[in-house]
Every structure is written in C-alpha cells, then in structure tokens.
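Below is one structure; the comments refer to it alone.
Read from first to last, the chains carry the letters A, B, C, D, E and F; within each, the first residue is number 1.
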C-alpha cells in the first residue's frame, strides 16, 4: 500500500497488524549525460512500490531531495544542508511515531545521504535518550541502500561486467528507464567509461568528472535490465522488511 | 519538462532560454474517508505535469511534506515544523539560484502551507537584504495555490454547487482520482456534508471534525470532473507562469 | 491593565478570573515621508491600551520588531528573520502558558507579520502535537489585525475615501498622531497619491516606491481622525477579546 | 530623537552626522510586591528618552523582553531563551549596520541580560571575523547598565543608604514611578528588607525569595527620587554616548 | 579521579557518594610570544587534576575550545560561535544529568568564555523552567574562574607585582610551564610590558595589541612560580568544590 | 608540533611551509569494565602526538566529546547531538581556514562519529558551494579512523587473534594503557568474550551488552602491545598525512 494513495482509515487499519513502514529516500542530482536528475529518488521508490504490490508493506512518501552539494556544479541539482535534512528526518519520524509506527525502514538511493541519515538517527535517539522516558522506547530506525539488498549488487555486476561504475551507474539508469520508459535518452558517452576518483565538493567534482559520471558507461542501460533488477530487489526488500518488522 | 526525468544537460539547455521553474508543493495529511493522504502534493503535481506537456515549462521535484500539525490526530499524516520547512525551502532556493534560476513559482496544494511558504520567502529575501550585495538581485519567488489559478475556484463551485467544502473538498479528491484512478475509494459519508469550524491544533481538530472533512461531501468526486479541472487549471498555469517568467 | 505597569501579584490575581491576554505585535519600518517608523507597533499598542482602560483586559508588552526585510532600503527599519521571530513567539507563549494563560490574542499592526505569526502558531502547536501529552491542551492562539476588527476598515475608508492606500495609510498615520501628537510631521506628498504595486524584497521595494508609501496620501491624517478610529477599534477589540476569552 | 517617532527621512538625515544609536534593553519580570513587571525595560527607556530631549541622540526601539527564566515562578514574567535573544540581537544589529550605523550602544536595565548580550556581541563579531572581509569593519557594540553610568550607583546608595538592595531595588522602582506616576503601588513590605542570596533557576528563586525582592525595601521609592536619578543618569549617558560616538 | 581515565564502573561507584563533578573549560587562542595556544584550557585542567590527586573529586574531560573570536587575527586560534558553545554545554549537562549528576562545577580558564557559559546556564535552566516538571529539579551549575579561587589572584599579584597583566599574563604562562615544562619558550618581549586597552573584535584586537599580550610581561614566568600557584589553587578548589557539592 | 603547546608565532611560521593539520577526534563513552571512558579521544591523540615527535606535523587540540548517545546507559558517557557536533566542526574548520589551513585531517577514534563527521564535511562544503565564490576553494577535509591506517587492523588482529572485538577492543585498550600506564585496570571479564549484536539506542544497548563490551576480551590488553600499535600507526599516519598535505 502506498501511503500517498491511501486514506487515513486504511493506514489506521494497517497499524493494527504492523508498526513498520518503508520510506524511499533519494536525491535530486545530475546522473551523467543520459541519467535522470531524479534517479536516486526514483530507484528506491520504484523498488518499494513494486514490493508493495506483492506484499502487505506500507510505503510512505518519497523523501526526494537529499545531500547533493558535490553535484551543485551541474544544472538541476538540488541539495539540503545536512542540518536541514536531520531536522526533516526528525519531523517525519516524530510524526510517524505519534501514530504508533515503531519500525521505520529508510530505503536509500544515494550514497551521499548515508552519513546524514545515520546522523539523523543519532539525533532522534539522542533526544529519546536525553528525555530518559521509561519504559524503553520501541523505536527502531534502519537504513538500507537498495543496491545492498541481498544479491542485488551481484546481479548488477553480472549484468554489467564492464562499466557498471560508481556514479550514474548502468544499473541505476536501467532501473529508472524501466520505471519511466518515456524518459530514456540516447547519448554517446565520451569517453566510453568515465574516470574514477575521489568526491569532495562541487568545484573539485566538476573538474574531475566533466560530464558527471564516475567510472560508468550508462549507455548500456535498457528497460529489460531495469525490470530484472527491480523484480529481484523488490523480492529482497520484502524479505528483509519482513524480518525487520518482526524484530 | 519534468526536472526529475531530465538530464542535467537538458536543464542547462533550458536555462539558456528561461530562468523560471515551477515547484509543486504540498502536504501529506488526512483527506477524509475517501481522500488520499497525498492529495495536497498530488494536485499541484498533476496540474503542473499536465501543463508541462503542453508548454515549455520546467517542473521541479514535488516538495511533498509540508505543515500539517493540525492533522496529526489522523494516522498517516506527516508534518514538518515550520522552522524545518523554512530551512528546506531556503536550501531548494539557494540550489536553484546557483544554477541561474531567478523566477521560482511554488504551486501550492495546501492552505496550511501558505504562512510558512511566505515566511520562507521573507527568510530568503532577508538574507539577501542583510548581505546587501550589489547589484540588485533578480530573484523573485511566487506562491500560487492551484485552486486560485484564474477561474479554477469558479469552475469547482460550478461542478459542486453543494458540499464542495473547505478540507477534503470534492474538487481536490476529483483531481487525485483523475490522476490516480486506481486509488479511488467508495465510502459513504456520514454526515453527507461535514461540519464547518475553525482550525487550530491536532487535539481540537479531531474533536471538531471526527472523520477529517470540513464542510465537504467528497463522495461526489469522479475521474471526469477531475480531468476537467486539471485541463482548466493547467491552461491557467501556463498563462500565469508565462507572465511571471517574463517579469 | 497593562502588564508592563502591573506587579506580579496583580497578574496572579487577574489569572484567577481570566486566562486571556492581548499582545500588541508590530514592526519598526519606514512609513513614508510623514509616518513614524514605529507606526505598526504603536497602532495596536494604542488601541489595546485604550481598550484596557475600559474593560478588564490584560495587555502584555508590545512585540515591537517584526518582519520588515522589504523595507530595509529605508533608514531606521529593523527586521527579524522569520526564524528568529518564530523562536521569540514560542518563548513568549511558553512563558505565558507556564503562568496559566490559555488564550493569547495577538493584535497585529503589520501585514508583513501575518505569515510568520501564523507559522509560529503552527510551530507551537506542532511541539504540543509531537509531545502528545494528554490531556488535551487548552492553549489557543489568535491573530487579529487591528484594521480587521469589526467595522474598522469600513470606518477608515469612510474617513479617507481617496488615498487611504496600502502602506503608510492615512488611517495608521492618524492613529499614531492621535497617540503621539508631538510626533506629527508636515510633509508635502509627491505625488499626492503614491503608486500601487507588488512587494517582494528590499531592492525592488525602493525602486517601485521611492518614498516608501504604497497607494496612499497620508498627509490627510490628523489627530481627530485618529481618535475616532482608536475609540471605534478599542470597542471592537473589547467585544472580540471577550468572546475569545470565553471560548 | 526617538526612532519609533521619527520618519525614515529624519533618520537618514541623522546618519549624515552620526553613526551612533542607543538601544534600551530590558526584561519583563517580577519586581516584588510594588514594582512593575516592566521595570527593567522602562528604566533604560526613560533615561534614554530623557537624554534624547537634551542632546542629539537617536534612541531606537526598546528591546523589552530579555533573559528572565529565574523569575518564571512569578506571574507575568516573560523570558527569551538566550539562543533566541542572541539571534534577535544579531538581526537588530545587522539591520542597523545596513543603514550605516557603526556604534550601537545598548543601555541595559537587567543584570540577567549581561551574559547573553555579551555572548550576542561575540556572535556578531565572530560572523564578521569568519567572513574576514577587508577592509576592517567599523562596527562597535557597547553594553552599559544604566546603574553603572558614571556616578549613578553612588547617587542611589546616597538616596537609599538602607535597603537599596539587589533586585526590585528602591532606585529602579523610583525611576519607574517617576516615569509612570499612575502605576505607583502602596504595598507594605514583609519583611521590611528582603533576604539576600544566590540566583539560579525559577524553582530555587521562589523558594529563596518568596515575594521576589532580593535585599531591598522598595517601599521607600517615590517620584521625586526617581526624577533625581533620571536627570543624573541622562546627563551621564549623554556624556558617555558622546565619547562612544566619537571613538 | 579523572573521568577520561576512569571506567564507567568507577564513575557509577563515585555517584553513590557524590553527585558533583568539575569540568575544566578553556579556549584555544594566542597567548603572546611565549605563551601556549592551549593556555586557557591547560590552566584549569592542570589545577583540577592536581586537586583530584589530593581529594575525592571527579574531573570530567576538558571543554577545550571556547569563545575566542577576538583572537582570530593570530594563527592557531580556534573559536566556537557562542550559539554553538551554548548547544554543546547543554549536551554535556544533559548527558551528566542523565547519570545523576546534580552539581556541575565549570572551572574556567578564559575571561571571554564567561558571558557564554552564563548564557548556557540560563538556556539549560530555561528549558527546565519551561517544562515545569515537578518536583523541583536539583540541578545546580556553577562557574568559577581559576584565578578567582580564594586567594589566587592575590598570590599572582604578589609573585608578579609588575607586568602581571590582563591577557597572556605572567601567572597563566607560569602555570602552563609548570604543567608542560618542555613547552617553555624564551622570547624577548618588546615592549617589556604590553599596552592596555579594550577588547572587541579580531581586527581591532590585532591593531591594538600587535603581539597579542595585554598589559603583561610573561617573560617573568617560570616553572617554580607555576607550581606554587597550582598548589595553592588546587587547595582552594578542593575547599570550594566541597562546599558546592554539599549545597 | 602540538598546537596546544605552540605559540601563535610558531604556528604562523609552520603555515609558511604547510597548510595541513591533524585534528584528533574522539568520544567520551564507556569502554567496558577495564577500558577508559576517554579511550576514543586518547587513541588518536596518542598516535598523532607520537607522529608529531617524528615528523613536521601540526596536531591541533583534541575534539574530545562526540556522538555517543548509544552509550548513555553507562555512567560517565557524554554525547553531543549530531546537530551540535556539526556546528562545532564548522566552527573549528572556519577558524582554521581563516589562518590559511587548507587540508584538515581528522584522525578519528570512534566509529559512531563517522556519519556525523562526514555530514559536517558536507555542511561545510554546502556553505561554500552555496556561496559560489570564485576562485575554486582549496579546502579539503579528510576523515581517517586510526584503526584503518595502512596495516593497523591487520596488526591488531595478529596481536589478538581471538577476542579483539568491536567495542572496547583489546587493541584500543592497549593503546590507552601504553599512553596512560597509571590508568590500567585489572578486571575479570564475564563472559570472557562479550556478545556480538547490533547498535541502536541507549536502552537497547545496555540490554544487549550488559557490561558495555561488544565481542571483545580486553583483559588481554597490555602496555607493550599498545606501544607496538602506536609506533606502527604513527608511522602510517606520517606517510598518509604527507601525501594528503601534498594533494
């Protein structure tokens, strides 16, 4: 069930049998010459929605803008400061806790979000620990990157043995093409495989990676590959979410 | 063009002819027994995307969670504190300014967001005014509620002369049904038309409005009405955005 | 009773019969060539103090500096950032709640404060809703602009059928002249009636409105008009505050 | 000249000959059985306004609510958190700097404000130091307590050799009585002279000082004493402000 | 006992007999040509550690970076903004309260910290007062400057009758030399005794005090003097802490 | 060179040949029955100071309190909220940048700090990216955990093939014993090797790990092992820092 398309009565009913929810969390940032600016939000959203078609999982709204300061050199990128993102994750969490949710599973689509999401978890826990309210709170927050769901990265590397890459990867572009076929773009990559390197801030990034990609050849991406990855990842998510819910 | 499905190269190209962008902004909050929790985000998103199919308008990601504390008595509602929302709108704006955007048009779907969006505009402007950087900055921020686009509320009242209402209105439910036909819900309204009253905080709200509606009978909503409203509103948006872009 | 001139013992006694208080809230900003920088703080203060002479109303200190970034192009204007103003309103409210006040009526003198005052109310309510403390909190916050007290704008338009205006209005200047007769200023207006237009930030404001006025001819203002408006508004305030207190 | 009663044109003219301004800063807090809640704001305001009648001094609006958490056990007290007060002082200062003010003289009426005002000065200076903008900024911020103006405390101790006290002092009550004769209150003090002790938080304060006074017998206060102190302090202020302006 | 070198089990045991702790708090800032950048953190740390060798006192970690914006003109100085320092002191205090500490004694080494530490105390107390939790909280926060421990400044002036000074004093340099003999530096002072003056921001400071000292000749400092001061101050600390613990 | 024991003149001279600095960053938190509360601050401090004895490296003050909310169930633990830690790291970084430092190497001793340190880096970079100041800023921030210096974890596992563990590890206790031999504690571990498990918040932590250790037998720790690790890690740090400085 997608929370955005559910009524409050349906969510109230869901809470009678489960205290767990999935929140897709992404970023709006350049993904190379043929990748979508929304890639990192779309990937976890597509996978979570697919999972929700096959199992009794509640999927919340997508937290779409994350930490992308290092991509600000490329048009269309939008970032939160980490301090803003922490405040927003606190507010989402507090709202959900008020309704009785106790297991919040953040399915992440952007490596650059990982530190701030974990810092936000610590901020939430610190407030609870400071308040020292007995009894022991039941709240558990979990971060999972979609490409680290069981078996997913192995599958991606199997499909793209060469040029899978680190940013604007062939697999993430494929997932978005499968989810939004009308957004496919034909662009010749030059060079075929983008360079590797280290990420720091927006100035350095554009110098090191002129078209935005890191180590990838995303021109390999196609709808069929994307569908295969989505199906696989959705199944892995269902399983992992089920055991998280039961903790 | 939807920014989320565009590449950075496409946005860079768009910026050569326009410095203007539409940002749909909404809320995740109860909308009565048959309305979707995502209604206030979906309505401006649906209308803006429809407009972008017919004109050269760039639509950014949807700012989906807003100020909904007064609905927290109903499961599934998620709110930001106004201070968090101000920080986030600052970050979105600063990111867009860095790329050269100078006209940011926030198409809003939630009355409860209006104060905080306007406060955020003042916060952005205050920072610029404090810095006192010459030359005169070109940034202009505009808030428009989709139901106040030229002629739209007249149309809604014409379609629903009775029971249009104030919250969980017949028209907004219709718009989401047209956008997401699979999310339609058949619920009998009791009473047929919900009571009217004043909004303050979550406790008082649920006491005054037990099923969440204010003054409405949204069981009248249907896909056809929604389509009519969307078409009308999208045209009005195109016109208004065009004159805003040219200011 | 004016809180500033009362002792704590007198306020403690007042609380035995009423939980309600009026807080005048204004701004320090240019008001054209013959208007006072303190106009927006003085108007609600003068009206509230007059009301307190005639009824058992407690009037708190005046929240004198508000959101005036758009007037920063004119010497003497002082503004808070909206985020600062929200924090301050929270602190005033929390202090008053601690003493037992449950109805806080903010009598506002500045249109530019409206969004931030309402955002502050949401921030206060959100904290309460997040904490979810039973039993239901009794706190109610109300914003009223003095010119929207019952019948006041009609009276102003009757007195000044031409050139009442939008900023540095004839009526607000008259109210301050009645309250501070020694501060009257004789200035010839050029043009007689100022232009109309839209407000955004400080740079644009001064370009559009070179002497600060919007649409007004405040040279019409005089002490007698001001007194008439004050008497009328004070009576309307007494009535409205009385029904708010009893809610 | 009082800024609140001046026009922007008058302030602009003042700035041609002086870059200095006085800001009265106080607190709203209990001042014992016969003292006014507004005492700490009224004293510096009364003295500064008197000085402005005799010399070319611009007096800004009164920053009326300060740091008074330790008085929250007494009805009517209102406090800012220090972090809020720092933000507000930053905003006032930044606004004034934008107009060209370079010497801001805060005439303080409350001992409990001293740390936070000084911390706010450091916050303002730190931002400037961090920005490292050449050339050297001219901004200078000064805190002066009205009772520490040259000769004032000597005068107060001469007038009240016994029972002048530490809080709700005879002299501050006298100053407010001179400024607001209609607010005088006849209350018998029990004990005649209040106990001495240390200040920490609101709970401890009310236990240690049941009627709010510390070490004082303010029933000695009268209008004539107040006038004498005001005249003396206003002259001292004129002199000190003049040398500060010229620095 | 030094908390940093204790186990949690040892601290838990300490809490069975005492709820009091000493926190050395300092600054990292220039201390003239022969003084250490860490002087203000080292002095209270050295004295507190010496006291803990002779009495059952728990000494927490040193809060080493404080408010030093005015020294930013000199290499190596590090400052917090006051708002950051307030937040950090809140967090330290809340952490310690959670374990049961009720008397926190901040032994300070830097005059420039005094306002912000006191503001932080008010912030902590304000949160408690706002929450209004019965029963009365036992928390007491105390600030003491090491040079104001009973008899210490008299001793310092006795040892250095000439050129003790205000910043980079002979005594503080001596204390650090006694604590870190390998860090002694031989530098000829020019002029022998540094000028006096007023402190504001970093730009003005370096102009007024070119080598960083104010009024001092720290070339007089030696290990033996430092040891004498340390022994004396440690004894005074033991006594004062003991009576604070027992309050 | 240790900054805390250097004069500003020495640091100014260092800056003529290097723009790089090491900042040890740790935490104050329980480390099991025989580990020191200061372990995570002491380890990087000891290693960095040892490196500075052998190479021309400037070591700043130790950022000693970090993110330790999950250990708050154990006496003596002190934590910052992540938002506070981000603000503090910003302030340290801005101070250092002002002096000309462009390579800041944070040598970390606590796994729980990693997200927040990285989030702080993004916050710093985001501010720079938002400001968009040309020319390209040279600032580079690097996080390295001491146990991930080249070869260090291999050495630790070689020394402690069994019971090295995840928290309160044998190696970190050994490093602190070597650095502070007088703080060694003889405690029998029960069980010999602590359980493994997942970390979330303070309540869950103490339930899962009753004496604080995770997976370790730190009773194996001794001074000699610690010295060996320190020597090895210091050499690795020298090399890594040298190449970071030269980037």
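Rule of thumb we're sticking to: a contact is a pair of C-beta atoms (placed from the backbone, for glycine too) under 8 Å apart; a residue touches a chain by one contact, two chains touch by 3 or more.
Values in this document were obtained by computation on a predicted structure and should not be read as measured data.
**Q** Which chains are shared contacts of subunit B and subunit F?
**A** A, D
**Q** Which chain has its C-alpha centre farthest away from the C-alpha centre of subunit B?
**A** It is E whose centre lies farthest from that of subunit B.
**Q** Which listed pair, A-C, E-F or B-F, shares over half of the residue-numbered contact pairs seen at C-D?
**A** Within A-C, E-F or B-F, the interface duplicating C-D belongs to E-F.
**Q** Going by the touch criterion at the top, tell me which pair is linked by more C-beta contacts: E-F or A-E.
**A** E-F
**Q** For the Cα fit of subunit D against subunit F, please give the angle of the superposing rotation, nearest 5 degrees.
**A** The two chains, subunit D and subunit F, differ by a rotation of 120 degrees.
**Q** With chain centres taken as the means of their Cα atoms, state the distance from subunit A to subunit B in Å.
**A** It comes to 24 Å between the two C-alpha centres.
**Q** Hey, how far is the Cα centre of subunit B from the one of subunit C, in Å?
**A** Comparing mean C-alpha positions, subunit C is 30 Å from subunit B.
**Q** Which subunit E residues sit where two or more other chains touch them?
**A** 72, 79, 81, 83, 87, 95, 98, 129-130, in rising order.
**Q** On the basis of the stated criterion, which chains touch which? Give every pair.
**A** The list of touching pairs comes to A-B, A-C, A-E, A-F, B-C, B-D, B-F, C-D, C-E, D-E, D-F, E-F.
**Q** Could you pull out which subunit B residues touch subunit A in their complex?
**A** 2-9, 11-12, 15, 28, 30-38, 41-42, 60-62, 64-65, 72, 74-81, 83-84, 87-88, 90-92, 95-96, 98-100, 180, 182-183, 185, 187, 212
**Q** Report the residues of subunit A in contact with subunit C in the complex, numbered from low to high.
**A** So the residues of subunit A touching subunit C come out as 94-95, 98.
**Q** Could you list, by residue number, the parts of subunit F that touch subunit A in their complex?
**A** Touching subunit A: residues 67, 69-70, 72, 79, 81-83, 86-87, 112, 114-123, 125-130, 136-137, 139-141, 200-204, 207 of subunit F.
**Q** Using the touch definition up top, name the residues of subunit C that touch subunit A in the complex.
**A** Within the complex, subunit C contacts subunit A at residues 129-130, 132.
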